[in-house]
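One chain, subunit A, links the two complexes that follow: it is found with subunit B in the first and with subunit C in the second.
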Partner chain A sequence: MSKTASNAAPGVRQSMAWIHGWLGLLAGWILFAMFLTGTASYFRPEITRWMQPEIDLRPVTAATAADTAVAHLQKVAPTAEQWFIYLPDARTTATRIFIRERPNPDPDAKPAPRRPELRLDPATGEEVTARDTRGGEHFYRFHFQLQIPHPWGRWLAGLCAMAMLTAIISGVITHKRIFVDFFTLRWSKGQRSWLDAHNVSAVIALPFHAMITYTGLITLVAMYMPWPIQANYKDPATFETAVFGAEPDAEATGRPAALTPVAPLIAKASEEWGGGRPATMVVRNPNDATATVTLFQSAKDRLNARGGSIVFSGVDGRRLSASPPPGPAAETSGVMLGLHMGSFAGPVLRWTYFLLGLAGTAMVGTGLMLWTVKRKRPGAAPFFGIRLAERLNVGAIACLPAGMAAFLLANRLLPATLPARGDVEVSIMFWTWFGLAALACVRPIRRAWTETLAIAAVAFLALPLVNALTTDRGFVRSFANGDWLFVAFDLAMLATGALLGFGAWRAAQKSSRPARKPRVAARPVNPLREAVDAH
Partner chain B sequence: MRIEPALLSYASLACLALSTHRLRRDAAFERLPTVATLRGFAVALLVLAAWRAVHDFGPYQGPVAFIGMVSIAGLPLVLLLSRWPRGALVTGLATAAVGLGMLIPIG
Partner chain C sequence: MKGKMAGSSIANGRMAARAFTAIVGGYAAAAGFVSLLARISPIDRAEATIWAMTLSFLVYAGLILWAFHETRLARVAAAIWGLAFGSVGCLWLLGPAL
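For the complex of A and B:
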């Protein structure tokens, strides 16, 4: 290597380290929340099922569920404009239905109130009532909307994801000893330990981190960069039709016609999809001569999360049309969405995704810790920026898990008939999260870490107990009944509580231990390498 | 359970770890295969893990499963290495045995 090149390389590394540190810090607190709630969202239907313990249904075939749902809708809304039927599968055991009423022809009339979504027992078609909750959907929505009104939440999440992508690239360039440090994790060595933990959690799962960040951005790319579509399609609806196919839009004629049985349509669609299953069925103008039944393919069997659709006549079951086969761009974007959400993943792959998500959360968390630890000077009072960053670190890393536990505890402890119960659960999560973070600000920083982590740990450890006391699906009974979802949930809560408890214990140890003197005289180091490595 | 790729990956990464200078010193085993042999084992185990992932999860999900499981296998390995380097490496032998044993029924 020439002298000029060897001089230039550290310059690039240092500027990358600067970008990595500052972008990582500024977006880090939100990214931590996005990673943690996104990771929880890999179990979105399971969390919802845990949060509605009254519903304990056995899975049935899609055809049976569709038949029972149609029978129910024929009873309650035979003249509606559209029926939306979300068919159950192994993970979501209830059928969900939504009715869109026909608009009142009188333009001055008040629009009919929107009907709520209902849940049905797929075996009988009977309506299932359960406590009102947002369930796992709350974590999922928060992950990319951040509980901020549309479109600002999505924009903020997108900006943070862009910062994350930049931080990943600059981090890889900065960290030159990737393979040497691959297996290195040293405990109780202050800044060194945080750097090791950050490196290990980042490098080991680097393919996942890069994939999840890039595909996350691509998921909402049409919002962040709408110009290619605007330049090519004057009307956005034309673009939708070109990519996803035309939705049937015939007006009802008023001539009654019996709705064709839907089970044979599901069999036909499944055959056309090479064994693929339908996820959603939309019936337009039921019991009218213009009735149509549209089946949308499930993403559970394939990497592409955007499945095709087939439209059948609702009168004689003829196949009328289908969505066009996806072009390379649509296929790529669908596969990226699928890779991000892991909707194709069976149990083993879903746990893999979940653990990789935790590794990503740990990467962001350790990076945030590293920023403050490396800037603190022993004996000197930390300046305002460090104190602020430390408090925000407590608020994100310790108080968010406490808020999530409070959300789950509220689900068990609030009265089932409380008005707007689902919203109250969400409010409790945020009050706990931010309230605890505010309280932690008035405590010395070491005590703040110990106390908030301990509160979060206790909240998680309490969940199995509260669940056992307030439902008939406690650990022992679930284990005896082979109710593995509830067993696994309890174990996951205990593991999370133990992990947070371990964090509280380490923080307590540190606060009671006097600063240690180095055991050996410091070896002379290359100051430039230290500066670069420390980022 | 279809976790053979993760078990084989753990063993492969343990071989790679043992081929590094620092761990050869820390683990303090009396007799060790050469660095080249260990790297050969590591590559062979990784190839087996990749093949098994594609076999179990199909040509599309297989690469996702393989990359994900190699990453996941690295986390417990590094955590164990940080406290009990010898235990971590011996565990690698066990996961190799179990992972390879699970391959036998399908030949």
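For the complex of A and C:
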């Protein structure tokens, strides 16, 4: 194999193997965390609902939810500057509302404290209260902000995504037997097995990996690559207006005027969108003569995640304006955004997204393992870089899942009335994650793998039990009630625990087995040749 | 870019210069290049802007890979920094945006 490799275009393949290995390693640990939490985020609303088991709402139509939300807002903030109403759907069952107060006309006055976002029962408009938690939103935000202050977290995530993109391209160039490796997985062969596993997880889902990486960069393109806007527009707002349409900006006149009923506006918008549903309703200057109601189309029933918007008069319900139809470029970038978020996906496609995301996580994880396994010399003490990489591998691959499980366990075990409870849950995830990783550093490497994987497995396996003991939505009752979200969640936790337990068992087997005689120990190692051999 | 390069401080310095050129220079070159394309392309201005932003990462990735593939560092630096300063210079000559 090495001979054919060195004959066929050695230059490109060697340099690509080199860059693939180094970029993959340097960005790998963060990429692993981004892949895993991003994959979990395909169930963002479901995780939030699981984390607030006291909320169990029945879905209603968008028109009903809009009516009840407006009725609530008329009671609590009839003269606010803007109302934001996020309408529920089958997956997010509660209506979310946010009120923007009118700024104090006195310039010296302290700005009013930002009102918190509230959630309402869409059937009644009553405020819903539940334990404080960040829910699935936490994994989603961490996925691209990495819990690092703005804007640095997003920049670091973007840099890692660029490393991923170049690693994918260089990986494909390096790799010469894509089709054959699709069917090749040799277990228990040390380095060979890690390489096979890396190849299988990469090749099976290659289009997904390439798509998800590129579209991930596109989600924050306005931040990462604003320069074409700067080159073409003196004021970036001009560009936004050209693409998304003008937002209403009339000042309130102070002349009162009753707000038009909103349900007919939803019907009108839905007709204009060919049956599309609204996701968000923004009411500007409610109960004023200049009132407007803007409806934004939901991304849940279309591939292009940037739906259009329509502005209606808030006094007589006249259609005032709408966002321009997207051109080919706007459509392309909107579809890329939709492909990344997967909002359009139904249950089957959503699970497919989830499994492909796990394949991506496995690709990064096996790549990290391969890097250390490949560089270890039998009999020789590993140099510092390898030992560091090994520990970071444990810290990412075994300890992050343990931290995620701790986040979910904390949700069930912390008292419901604890102050700043949502933040405490988040801290518990990071303390568990980094604490375990630190602990693993003082253990022999094989034991560290076994122990941390076992802890993560036990934490996940405990979740269904703790859920049954602390809520009235345990597995048996959920099954009897047809509460499939909770049934599926318990099963997913058991499957995750079993997978991690299997990993712990494999690691334990390895550590108890005497070291095998190295196959090629006597051959002098040429680092260049070896990089090619491996791929 | 080769495994043996590590070791001497000259090699390390060259590697640092190469990485800086690839990552920072590559970004500047990609940003300048796509911005220039967006500016001079005859299609609708908003559309040209979005195409440029959407395709910029492909240009950037290509530049990074080439920067590590090409052995002659001087050539890498000349091409990438040349593209960066060249495209920004052209934009400057075209004058401020409308």
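The rule is short, and it goes like this: the second predicted complex is superposed on the first by the 510 of 535 C-alpha atoms of A that agree within 3 Å, B and C clash if a C-alpha of one lies under 4 Å from a C-alpha of the other, contacts with A are read in each partner's own complex, and residues count from 1 in each chain.
Note that contacts are C-beta pairs under 8 Å (C-beta built on N, C-alpha and C of every residue); 3 or more make two chains touch, one makes a residue touch a chain.
All of these numbers come straight from a predicted model, not from anything done at the bench.
**Q** Which partner chains sit in contact with A:233 here, subunit B, subunit C, both or neither? Use first/second/both/neither.
**A** Second partner only, subunit C.
**Q** Scan A:186 for contacts with subunit B and subunit C and give back first, second, both or neither.
**A** After superposition on chain A, A:186 lies in contact with subunit B alone.
**Q** Thinking of the overlay built on chain A, is A:18 touched by subunit B (first), by subunit C (second), by both, or by neither?
**A** Only subunit C is touched by A:18; subunit B is not.
**Q** In the overlaid three-chain picture, which partner chain does A:242 touch, first (subunit B) or second (subunit C), both, or neither?
**A** Only subunit C; A:242 stays clear of subunit B.
**Q** Which chain makes contact with more of the residues of subunit A, subunit B or else subunit C?
**A** C
**Q** Touching A:349 in the superposition: subunit B (first), subunit C (second), both, neither?
**A** In the superposition, A:349 contacts subunit B only.
**Q** Let me test your reading of the model: by the given contact rule, A:333 touches which partner, first (subunit B), second (subunit C), both or neither?
**A** second
**Q** Both subunit B and subunit C contact which residues of subunit A?
**A** Correct list for subunit A: none, the interfaces share no residue.
**Q** Touching subunit C in the complex: which residues of subunit A?
**A** 11-12, 14-16, 18-19, 159, 162, 165-166, 169-170, 214, 217-218, 221-222, 224-234, 239, 242-243, 327-330, 332-333, 336, 527-528, 531
**Q** Please give the residue numbers of subunit C that touch subunit A in the complex, ascending.
**A** Of all residues in subunit C, those touching subunit A are 1-4, 23, 30-32, 34-39, 44-54, 56-58, 60-61, 64-65, 68-69, 91, 96-98.
**Q** Looking at the complex, which residues from subunit A come into contact with subunit B?
**A** Residues in contact with subunit B: 180, 182-187, 200-201, 204-208, 302-303, 339, 344-345, 348-349, 352-353, 355-356, 359.
**Q** Over in the complex, which subunit B residues touch subunit A? Could you list them?
**A** Contacts found on subunit B: 1-3, 6, 13, 16-17, 20, 22-23, 57, 60-61, 64-65, 67-69, 71-72, 74-75, 77-79, 81-83.
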